[in-house]
Structures are given as C-alpha cells and as structure tokens.
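For clarity, chains are labelled A, B and C in written order, and residue numbers in each chain start from 1.
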Amino acid sequence: MTPSALLDHFGVAVSALSGVLAARGKNLDLFGVIVLALVTALGGGTIRDLLAGVAPVSWLSSPELLSTIWITAILGFFACRRFEPPLPVFQLADALALCAFAVAGTRKGLLLGFAPTIAITLGVITGVAGGIIRDTLTGDVPVVFRKNTFFYATAAFFGGLVYCIAWKLLEDEQATWIAVGSSVVLRLGALRYRLSLPAFESGVVSGRN
Amino acid sequence: MTPSALLDHFGVAVSALSGVLAARGKNLDLFGVIVLALVTALGGGTIRDLLAGVAPVSWLSSPELLSTIWITAILGFFACRRFEPPLPVFQLADALALCAFAVAGTRKGLLLGFAPTIAITLGVITGVAGGIIRDTLTGDVPVVFRKNTFFYATAAFFGGLVYCIAWKLLEDEQATWIAVGSSVVLRLGALRYRLSLPAFESGVVSGRN
Amino acid sequence: MTPSALLDHFGVAVSALSGVLAARGKNLDLFGVIVLALVTALGGGTIRDLLAGVAPVSWLSSPELLSTIWITAILGFFACRRFEPPLPVFQLADALALCAFAVAGTRKGLLLGFAPTIAITLGVITGVAGGIIRDTLTGDVPVVFRKNTFFYATAAFFGGLVYCIAWKLLEDEQATWIAVGSSVVLRLGALRYRLSLPAFESGVVSGRN
C-alpha cells in the first residue's frame, strides 16, 4: 500500500470511529451509525476532491475504503455497546482524523499544483470538515467552534505547514508521518496543558436578531 | 416522459412537500418555505451528481424540475395554512422521497458504470441527504439520526439492493417501481409495527468535551 | 480590478465580517474565527461553482481572495474584542453579503449560458448559502429561516431579477451595482419598516416524529 493510500485508510478508519463514538447516547440504530460513520469519514475527502475538481470523487473508485469504514463502524458499534470507552479515546480518534485529513488535503493540493498557502487552506478546511459534519448532524456544536478548542484548527494548520516544509527536505512518506505526528502532538499537548489562542471573551456577547 | 424523468419529478415533488410540511411552526415566510423546498428537493440529486462527477448538476438544465418544485411549494404552503395535515402525511411524503431518491441514486450509479456496492452506497447517501439537509436547516435532529428510526437508512439500502437485483431480471421501468414500492412498504411497515435494528441504549451515554 | 473581481472581493469581505460578528459570544479562538470567516465567505461561491460545473472552484486560483478574507477576519476579530459593534453593523454586513452573492451568482449563471430563471435560482441559493452555513455551524437558526425574515430570500431574488433586466439595458458594471444597491435597499427597508411576506402562523404547529 502506498503511503498516500495508507494515510487515506488510516484517516477514514479513525474518522469513522469518531463518528461511532459521537453516536453514543443518540439512540441511533446500526444503520444510522454506519451512515454517520460514512459521512464523517468521507466528508473531508469529498470536500477536498470537489473543491479541487477531482470528479468523480476518489472514494467512488475505492471500494476498499468503503470496506474499511463499514468494518470499523460495525466493530466499533458492537464494541461500544459492550465497553464504555473513556473520553480520551474519542479525543484521540478525533485528533488523529483531524491531522491525517489536514495533511492529506495539503498533500493533494500540492500534488495538483496549487500554491502552498492554497494547499494549506485546503488542508485546514478538509481536516475540520469531517468533525463539523459529524457534530452538526448529531446536533452538537462542532468541536472546532466550541469553547476552549485548544489548538484545534491551529493543529490542522500546523500539520499542513510542517508538511509543506518537510516535503521539500525529505521523502514523501517521512514528510507525511512527521507532519501528522507533530500536529497530533500539538493538539493533544494543547488539550493536556489547556493551551489556547486568544478568544472572544464570553462577556462580549450581544443579542442578534 | 421517461421512467427516469418521471422518478425525478416524483422525487422532487414529494421531497418539496416534505420540506413545506417541515416548515410548519417555524414562522417562515413564503420565500423561506420555497427556499427550504428547493434545497430539500434538489439536495439529494445535487450531491449525487457532484459525487459522480456530473457537472453542471442535472437540474440546472431542467427548468421543468424547478417548476415542479415551485408549484408544489406554493400550493403546499397555501394548503397547509388552510388545513392541518395529520402527521402520517409528513411521514408518507418523507418515505416516498427517501425511497425515490435512493433508487434514483443507485440507478444513476449503475448507469455511470460503478460497481453495485458503490451504487447502493451512493443511493443511500442520496436518499437520506434531502431529509438531513431539511432537518438540519430547520434546527431539528435529522430523521435518520432520531430515536426509533424504524428502518430509515435501512429502507434506502433495501431499495437500492432490490433495484440492483431487479435491474438484471426486468425492464428498467418495472425494476424502478418495484424497488421504490418495496422499500416504501418496508419503511411504512417498520413505522407501523415499530420495528427497529439494534441501537445504542440510552443508558450508555457519557459526556463528551 | 474588473467589476466582477471587485464584486467578489466586496462579497467575501462583508461575508467574512458577518462571520466574525456571528462568532461573538461563542468563545471561539482566533483560528476558529478565521475558519468560520473562510467558510462563510467562500461557501456561497463554492456552491455556485460546484453547481455550475466550474472546477477547480474559482477561489483556489485566487490567493488574493483568501488574503482579503484572512485580513478581514483578523482585523475584525481584534476590532470586535475592543469595541462592541451595534446590531445594525451585523445586519448591514449580512445584507451586503446576501445581495452581492445573489447578484454575482445570477451574473455567473447568465455568463455560463443558463436561462434567466435558472440563473436567478442559482443566485438565490448562492446568496443565502453563506449565511446558512455560518448560522448552522454556530448553532443558530439560519437568518433565512427565522421568524420575521423581512424579505431575506426575497431580496436575493429581487437582486437577481433586477440584474437580469438591467443587464439587457445597461453595461455590466452599472447593472451589477444597481442590482446590488436596490436589493440591499429592499432588505434594509423591510427590516426598518418590518415588512414581511405571508408566513405560517405559529399557531399551526403540530408535533412531528
């Protein structure tokens, strides 16, 4: 399997798992959980491909990607009915999906010939898209827009930036895993030490019509 | 009118109607209702076309489809202001839209040369997309993700599967209506007899950050 | 700068600003605000391009558009932390974004050779898309679907209609600004004088499953 295909499988699997974990407590049936896992896992890549003009979108010609998602969703569903995974499992799956998609989006953007700033922007949007779709559909405020996001979109941006630099210096495979690894460390470190960028204070609210 | 065009007009009309019915109690004005009917009715076909690389999307070259939606939305709006349609009318319109789009999505996927598993996945996503967009926009939890979904996504999957099988044995038109009919019966039967797939129990909830 | 490019920059800037203003009180960090500004500002144009088959979407080849959004979002973020902008500033930015995108969408539709009815429909959907995405992501009911929308979608429709007529009689630049101006006046006038189209009364609500 090429590094690119591996990254895609890894991304959709952890992303599907985050979809299953987000489905807990919503009383979804098995099929609803699978649909949620599918849109969470494929949403990022779909948006990336549509924006970049890759059509039909790439997962339509990758039945293996769909198999990965179905298997992850079904195993995850029955595992979660049996065991109660602690909160960090969700946070880890979500961070891995965020960073894997951010790097994959940046990488595809560069391969298609876009400038690094465009490729990184594409990567950030791709990285946060899966979680936004998942949380919007289950009626939660998307992680990226919650209080105390602790370097969420920032980690996606950082992953894309590291990839753009490492790509010039190293081989593709190394660059990919360094970028994914360092951005996951940034995200989990920020969660652990509760680091944040400046934010709107909650006092500054006013009613909108 | 070809069976395919008929299915499209049928799908957008019942889907637009479900949009109008979902708008009740939200205090939308006439134009807001028409916009909601448009995105509900065109959302499924648009996602299908975008994913499959059909661009410009097919409704842009079908002013008749738009006319069907506008007329349904305006008539529906004034009818609903006058009469209070009972809940089953909404459920029926929603089930018909779900199954018509699921079969239409599967059919188009097969015509474009995708494998049956891909075509059915495309059909399921297409079928549930209209309702997801409608419910997300009006601030409801999408039907597909609600408690006791009673074979919602499952009916879409079943419609696609029946079409894939019937398509090999029968003429296109017969296959289409058998698939739509049997999946609508499955959905309405499951609603009537309150049949469900296994679900996450509500006890298994834990807070997420 | 051509009138078309100017309209695009103007549209994304006011749209990004409406994203920043909508972010107040949600405790987003700087990056979350930038992401919200990006999806609000680019959502309309992206949907327009995807529907019309323009791929890759046009902002991928316009780093200047992205710069306009980043700069607007960062300046807006720090300005809003310092000053409390009154409600009408949000309403004005939102109305300008609505009408600029509605006219730009209609214009692009006509340039691509679609019939006026299709072009206007495309314009309306494009115009309301930015605000719908922004409000859905921050957990608000989209402006277009709120009580007392005061000619919201109607103003987008009016802008597209005026453009279609003015385009036959005048030069493109004049037609553009007349259409944007008159639809903004309609929207702000309707807000000021609380004009509305007929709406579903709130009494006509019934529970849905």
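Definition applied: contacts are C-beta pairs under 8 Å (C-beta built on N, C-alpha and C of every residue); 3 or more make two chains touch, one makes a residue touch a chain.
Everything numeric in this text was worked out from a predicted model, so none of it was measured.
Asker: If you list every residue number at the subunit A and subunit C contact, are more than half found on both copies (same) or fewer than half (different)?
Answerer: Homomeric contact, different residues on each side for the most part.
Asker: To the nearest 5 degrees, please report the angle of the rotation taking subunit B's Cα atoms onto subunit C.
Answerer: Nearest-5 rotation angle for the superposition: 120 degrees.
Asker: Suppose each chain is reduced to the average of its Cα coordinates; what separation in Å results between subunit A and subunit C?
Answerer: 28
Asker: By the touch rule stated above, which residues of subunit A touch at least two different other chains?
Answerer: Residue numbers touching two or more other chains: 50, 55, 136, 146.
Asker: Touching subunit A in the complex: which residues of subunit B?
Answerer: 50-53, 55, 112, 114-115, 117-118, 121-122, 124-125, 128, 132, 136, 141-142, 144-149, 151-154, 157, 196-202, 204-209
Asker: Using the touch definition from the top, list the residues of subunit A that touch subunit B in their complex.
Answerer: 21-36, 38-39, 46, 50, 55-57, 60-61, 63, 66, 77, 80-81, 84, 87, 90-91, 136-140, 146
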